[in-house]
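Everything below concerns the one structure shown next.
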Amino acid sequence: MLDVKNFIAKRVAYELNDGDVVNLGIGIPSLVANHVPKGKRVFVQTENGILGQGPAPATGQEDKAILDASSAFTTVLPGGKFYDSAGSFGLIRGGHVDVTVLGALQVDERGNLANWHIPGKMLVGIGGAMDLVTCAKKVIVAMEHTAGGKAKIMKKCTYPLTAPGVVDVIITEMGVIDVTEKGLVLREIAPWATVEGIQAITEAPLKVSDNLKDIPTI
Amino acid sequence: MLDVKNFIAKRVAYELNDGDVVNLGIGIPSLVANHVPKGKRVFVQTENGILGQGPAPATGQEDKAILDASSAFTTVLPGGKFYDSAGSFGLIRGGHVDVTVLGALQVDERGNLANWHIPGKMLVGIGGAMDLVTCAKKVIVAMEHTAGGKAKIMKKCTYPLTAPGVVDVIITEMGVIDVTEKGLVLREIAPWATVEGIQAITEAPLKVSDNLKDIPTI
Amino acid sequence: MNKQKSLKDALSHIKNGDTVMVGGFGASYPFMLLEGLLATDVGELTIIANSMGHEAFVTLMEAGKVSSVITTFLKGNPVVLKMYADNPDSVTIIPQGTFAERIRAGGAGIPGFYTPVGVGTFVEEKKEKRTFADKDCLLETALKADVALIHASVADKWGNCLMRGTTKNFGAMMPAAADYTIVEAEEIVPVGGIDPELVTVPHIHVDAIVKVGE
Amino acid sequence: MNKQKSLKDALSHIKNGDTVMVGGFGASYPFMLLEGLLATDVGELTIIANSMGHEAFVTLMEAGKVSSVITTFLKGNPVVLKMYADNPDSVTIIPQGTFAERIRAGGAGIPGFYTPVGVGTFVEEKKEKRTFADKDCLLETALKADVALIHASVADKWGNCLMRGTTKNFGAMMPAAADYTIVEAEEIVPVGGIDPELVTVPHIHVDAIVKVGE
């Protein structure tokens, strides 16, 4: 059976460039670090104060002073640095994060992002998402294409925005979609999807790239 | 023969309170640290990045990475901290320096300070003086009472200001003068001075404190 | 100069109506100080903390000690959600980086600064906008407090704090922005026991130290 | 990822007309890089440095390479005084704390901030004023640069820098505010050779490393 989350995470990892500073949100984005291709090195930044986050520590090696932004035990790699929050968000807000990868409740064809609150539901708060998407050089939304059968890729977001016009790329289990000045452009398609099938579960109209490719499934 | 500079520096040291964070300018102010009375501990801050400056190092113990704001070798005491300039001036501008002691070209009865440029002479620059006098809790001017026979304590500064209305106390070899809302008030007088004699070399009118005291000469 | 105190003495400085900053990000909250605060008589506090989700904040709010909150994250705290539903003005939600920068500004003498973060969202409500290099920005102001409560890995007797790894977070900046700072430290060492290159918070911002577990 | 280069290669990135930030406070200037810069063909540089008083800046200006200067201190440099006399607009003198904060702002994405420093002096000329809590303040803007030249005590091969003691000063903030940063390091160590708690400048802001003396 297809592991949707890891399929998406893996495709996101291919989108990263060697040397990128990346911030990975919770959920699917947090899996991206496991899929970075050999020969590429990316530097994972956590907004709670690490540049150069490493893998989870071995059992017995946990250090309660070294946690990730979700409070899970983590490690720092050789060549890393710890920051206080003014420093950590200085790095984020100064535009030094090359790619931020995060989930979304809704994204629309103008790159508007809504990922913090569903009206009528419990308020969650916003954490560092607004800082990250407003200031990172590239914003990748990594998410399942729909939620409970409802479209998440919209003509216009109906939920309150995290930030307007910030999303560059949307990666789902169906395809890779670029947000361009002319709207959404399907750049890659999953082997199990069709253009018509994707359009049927996408509220915004999709253009198809002249150079449409298959998402590699390895 | 009277050592005017050390006499002034010593009187300044008595003005400091136990626990004060102090910044000491070049010249007479730099001598103040040598005169802090036993039983009082002050923490000397240098704007180039030390909190808790110690004495000059012994010969052979100099460390070229530990200098004061005048680039002389210095030391840091146990309990001290090194800062970068954003941190060091954050400390200064955040109002965490209790007392800044510095020289002046002119001070006037409103507490205006001019200590960076004499019109027509070579431009020196301003360094950290504006930051220190604008933001420190207390500003003490420590200087010789006159310069080349000319008054330095003025009705109104004629040189360009370092900052308006910032000086709290003026300490010279003649006396201790408080800057108050009602003008300059002579609070202490040197044994070799008279009120009339001080007024004669002071452009601004001096009030005399009801409680005028001698400067202790020990 | 030895600032080590009993928990009770340290907390006795906090008054009704005080604004209290609390360090921590996910973990590294000063749980002992928060428990101690629960046992005091003070109330009507304004709490400034990154997240309200921890049990310690839930308990404090259930005890009716909190009248308003400035935070970035509410999840996990039903009391703050009810407070927000009853009186939206009592709960201020701000972006995490703006939160960090406003606290730093409070300690560094910067009354206001501009940031593009929050433009085009609820964050911009009631805020002044201004354009820099064609980019809309919001005017944000300094945050200050009466009291800061922070957790340190190591403190010396004067109050110099070493905060290891990711425990620095907001607690590193709060003491400079607060009139009175109480530190809970896992370990207390003599003055000189922390390398001047490793002091996260200098002693001059610290007023009381409590040893964790005592 | 090994960024160690020859002096010539490292400096080859600097172009005519570039704005160049130079770290240092009294001492701790990157003298080797400044000497190297003197030997290049580039000119019309804008120099952003705390003090112009050092011989290295005098020489650079005598060679006609500098068309404008942003600094806090001129003493000891007759060339910059003459430049100021000839064309006051080419020399900008700003308070040291404002200088530090404007550079930090440049690296931290803050386009502008307010400070009371400079009010009532020549510094306020042409600047917007605004009152916060009855205190007049000036609007100051971020400083950025094409290139930063800094001196480090130790660098690793990726460019992480440890700046010991008082050598941090402005060089600690400049790399984040510059597009391209060249470090001269007294010592170069393998990656992992600097404790993550002691990294003053992270490698991501550094583009080239030159070993002092080579």
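Letters are used for the chains, namely A, B, C and D, taken in the order the chains are written, and counting of residues starts over at 1 for each.
Please note the rule applied: contacts are C-beta pairs under 8 Å (C-beta built on N, C-alpha and C of every residue); 3 or more make two chains touch, one makes a residue touch a chain.
Model, not experiment: these values are computed from the prediction.
Taking B-C and A-C together, the chain pair joined by more C-beta contacts is A-C.
One simple way to say how far apart two chains are is to compare their mean CA positions; for subunit C and subunit D this gives 33 Å.
Separation between the centroids of subunit B and subunit C, computed from CA atoms only, is 35 Å. Here the spacing of subunit A and subunit C, counted between their Cα centres, is 29 Å. The centroid of the Cα atoms in subunit A and the matching centroid in subunit B are 55 Å apart. Residue positions 76, 82, 89-90, 92-93, 135 of subunit A are each in touch with at least two other chains. Annotation for subunit C: residues 101, 104, 108-110, 115-116, 164-165, 197 touch two or more other chains.
Looking at which chains touch one another, you get A-C, A-D, B-C, B-D, C-D.
The part of subunit D that touches subunit C in the complex is made up of residues 101, 105, 108-116, 130, 132-133, 135, 137, 141, 164-165, 197-198.
Every residue of subunit A that touches subunit D in the complex is listed here, in rising order: 19, 21, 41, 43, 51-52, 76, 78-82, 89-96, 135.
Residue ranges on subunit B touching subunit D, taken from their complex, read 46-50, 63-71, 76, 82-86, 88-90, 92-93, 122-131, 134-135, 160-165.
Chain contact summary for the complex, subunit C toward subunit B: residues 1, 104, 107-110, 156, 158, 160, 176-177, 191-192, 196-197, 199, 202-205.
Against subunit A, in their complex, subunit C makes its touches with residues 25-28, 50-52, 71-75, 81, 84, 93-101, 103-104, 115-123, 153, 163-170, 172-173, 200.
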